[in-house]
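The letters A, B and C name the chains in turn, as written, and every chain counts its residues from 1.
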Amino acid sequence: MSTGATKSIDTGRQPGTPTAASAKARGFVAPPKLRRPRHLGWLVMTLYLIFLLLPIYWLVNMSFKTNVEITNTFSLWPNDPTLRNYRVIFTDPSWYGGYINSITYVVMNTVISIAVALPAAYAFSRYRFLGDKHLFFWLLTNRMAPPAVFALPFFQLYSAFGLIDTHIAVALAHCLFNVPLAVWILEGFMSGVPREIDETAYIDGYSFPRFFVKIFMPLIASGIGVTAFFCFMFSWVELLLARTLTTTAAKPIAAIMTRTVSASGLDWGVLAAAGVLTIIPGALVIWFVRNYIAKGFALGRV
Amino acid sequence: MNFAWMAWTAPTAIFFATIFLILVGMGVWEYARPGGAPRVGILRFETTRGDRLFVSLLGSAFICLAWLGLVGPNLWWALGLSLVYAVLVFRWV
Amino acid sequence: MDRPTNQKAWFLVLPVLLLVAFSAVIPLMTVVNYSVQDTFGNNEFFWAGTAWFEEILHSQRFHEALARNLIFSAIILAIQIPLGIVVALSMPRKGIGVSICLVLMALPLLIPWNVVGTIWQVFGRVDIGLLGHTLEAIGIDYNYVRDPLDAWFTIILMDVWHWTSLVALLCYAGLVSIPEAYYQAARIDGASRWAVFRYIQLPKMNRVLLIAVLLRFMDSFMIYTEPFVVTGGGPGNSTTFLSIDLVKMAVGQFDLGPAAAMSIVYFLVVLLFSWIFYTVMTNFERGGQ
């Protein structure tokens, strides 16, 4: 196959920087006309990344400044770098408690979402049953429905069950949009596994639960990982429902940020430091799923 | 378990009971005549019974809203109009 | 189409059904109940009939919020979809650059929404923000707290910053699924850059673009936290979108009845759009196979 041949030549040709490598590889495979857009492409990409990183840089920059420096002087980097803002957060339980609360309900939500979505996604990808299409659409509408619509009765609903201000309440509330999402993504990944595998396993005498755990789940392990990432992400970034359902004991960090700032006036430095700390968990997990992010966003359907 | 906060009223209870009965009815119909009678109607894509029901219900909701917004509070007329609309949907969509 | 029929599959779906029924159906029923009644607190309700619906449907405030939200969604789609495609086309295809780009691009997607708001609230301030300060330094009178146009500019820029990467990542996933042989064939035919895009790359991206449009429309239509943190819906009501207005009504003024009626109208609009998108998408997938 000529494709394979050219590809191996390309990879053999890769020298130092990615810029040079890619441009050279392109020049070899594609016509000369494509060369100029590649350079243009690097310009576009660089500008776009600068645009993405500038606001984040500004937040990081602020988090290392003293409040005096933030309000009185305008500087592109901290003239008098300080760790005070971070120290405030790590020594005050009401601050770092917020992180623990957020992580707790996010993890709970991820576990619940995946546990219930796995069998459902299997059912959707393998069988036809009464009302399957409409059930699937109904799940989708829950992902699309504005949380503000549900926030109204949620407080009463969770009060009736005595769940207000608990982690499980937020975890359950976030299932509203995470379970449909998990079913969608998992269904996409499962549909990529040939059905012959199921049939062979049943012929070999595997029971359904054993087949599912021993054979099927390892096959879609990357799909489960991506789904976990997405559940984590959407539970982590959501605030409206999380804030509605908590008062003190389970309050998420993002809500503590807004409250503390309005109460204590303008502690910009601590605000910025808290913001930076909310970015870090996300940044850490992205690295592990970077090659699957797009597939997950496409609900497993690329 | 206290459900007073849900603030049920007779009309809304009847409304949801009706929706529930329609869904059960559709289930029975599907069980008796499986396949959902798919066909390509005037919307030019394939619809099954369930799709037609959904189009009817959603359309009826908008008919009622339009009636409230443009005509007045007497929803019985809007309900009648919705029924006519639903029949048309089941016949031609 | 070749999936076997098996009604026992219902048992596998049952947990999802119960969970979502708890968190979606019961609240939705409650909203419907609220929407036809009036309350003064203490769980005492009085029959109000369709009065709230009439009020909402005739209310200037609702029409304006709906119009603002539709305009906002339209602007967002008009900017993010083309920009996302351009960024995806500019992505490197090999080497460590791919990973770096993917990670950096995904970064804004994982920031809690109110932190996104805070970042831009700070970034746009004339006294301490880089954007506001720079704009003022080059002589532009910019103040998103006072001027509605500046507020819109800030919020749209923020949303572009926040979500364009999603469109780009989706398009990128579509692009990498194109076999190299297609490009070679195009080269042999002497196809122009535009022809390659129009007849090879765009058709491959169709499906993911549809998902991108669906997600971006829905999420911009329910946007709440980010603009609320930046502008609080102001100046005046100039950035009060539907969700902001709804929360203001329900929590701020405790008008449960009107808020519930508005929720239902809002939900029906969302339902209509999801159904249209979903129908187009499934028919597209069926046609593509």
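Here are some notes:
The rule we apply is simple: a contact is a pair of C-beta atoms (placed from the backbone, for glycine too) under 8 Å apart; a residue touches a chain by one contact, two chains touch by 3 or more.
The shown structure was predicted, so the numbers you read here are calculated from the model rather than taken from an experiment.
Interchain contacts join each chain to each other chain, per the touch definition above. Set side by side, B-C and A-C show the greater C-beta contact count at A-C.
A comparison of C-alpha centroids places C closest to the centre of the full protein. Distance between chain A and chain B, defined via averaged C-alpha coordinates, is recorded as 37 Å. Between the Cα centres of chain B and chain C there is a gap of 28 Å. As a whole-number value, the distance joining the C-alpha centres of chain A and chain C reads 16 Å.
Along chain C, residues 5, 26, 30, 34, 271, 275 each make contact with two or more other chains. Counting partner chains per residue, chain B has residues 5-6, 54 touching two or more of them.
Multi-chain contact residues of chain A (touching two or more other chains): 130, 137, 153, 156-157.
Against chain A, in their complex, chain B makes its touches with residues 1-3, 5-6, 26-27, 30-31, 48, 50-51, 54.
For chain B in complex with chain C, the touching residues are 4-9, 11-12, 15-16, 34, 45-46, 54, 58, 61-62, 65, 68-69, 73, 75.
In the complex of the two chains, the chain A residues touching chain B come out as 130-131, 133-134, 137, 153, 156-157, 159-161. The residues of chain A lying in touch with chain C in their complex are 2-3, 6-7, 10-11, 14, 18-19, 21-22, 25-26, 29-31, 33-34, 37, 40-42, 44-45, 48-49, 51-56, 58-59, 62, 70-71, 74, 76, 112, 115-117, 119-120, 122-124, 126-130, 132, 135, 137, 139-154, 156-157, 172-173, 175-176, 179-180, 183, 233, 236-240, 253-255, 257-258, 268, 271-272, 275, 278-279, 281-283, 285-287, 290-291, 293-295, 297-299, 301-302. Those residues of chain C lying in contact with chain A across their complex are 3-10, 12-13, 15-17, 19-20, 22-24, 26-28, 30-31, 34, 86-87, 89-99, 101-115, 118-120, 122-123, 127-131, 133, 161, 164-166, 169-170, 172-174, 177, 179-181, 183-184, 187, 190, 192-193, 196, 207-208, 211, 215, 218, 221-222, 224-225, 229, 242-243, 246-247, 250, 256, 259-260, 263, 266-267, 270-271, 273-275, 278, 285.
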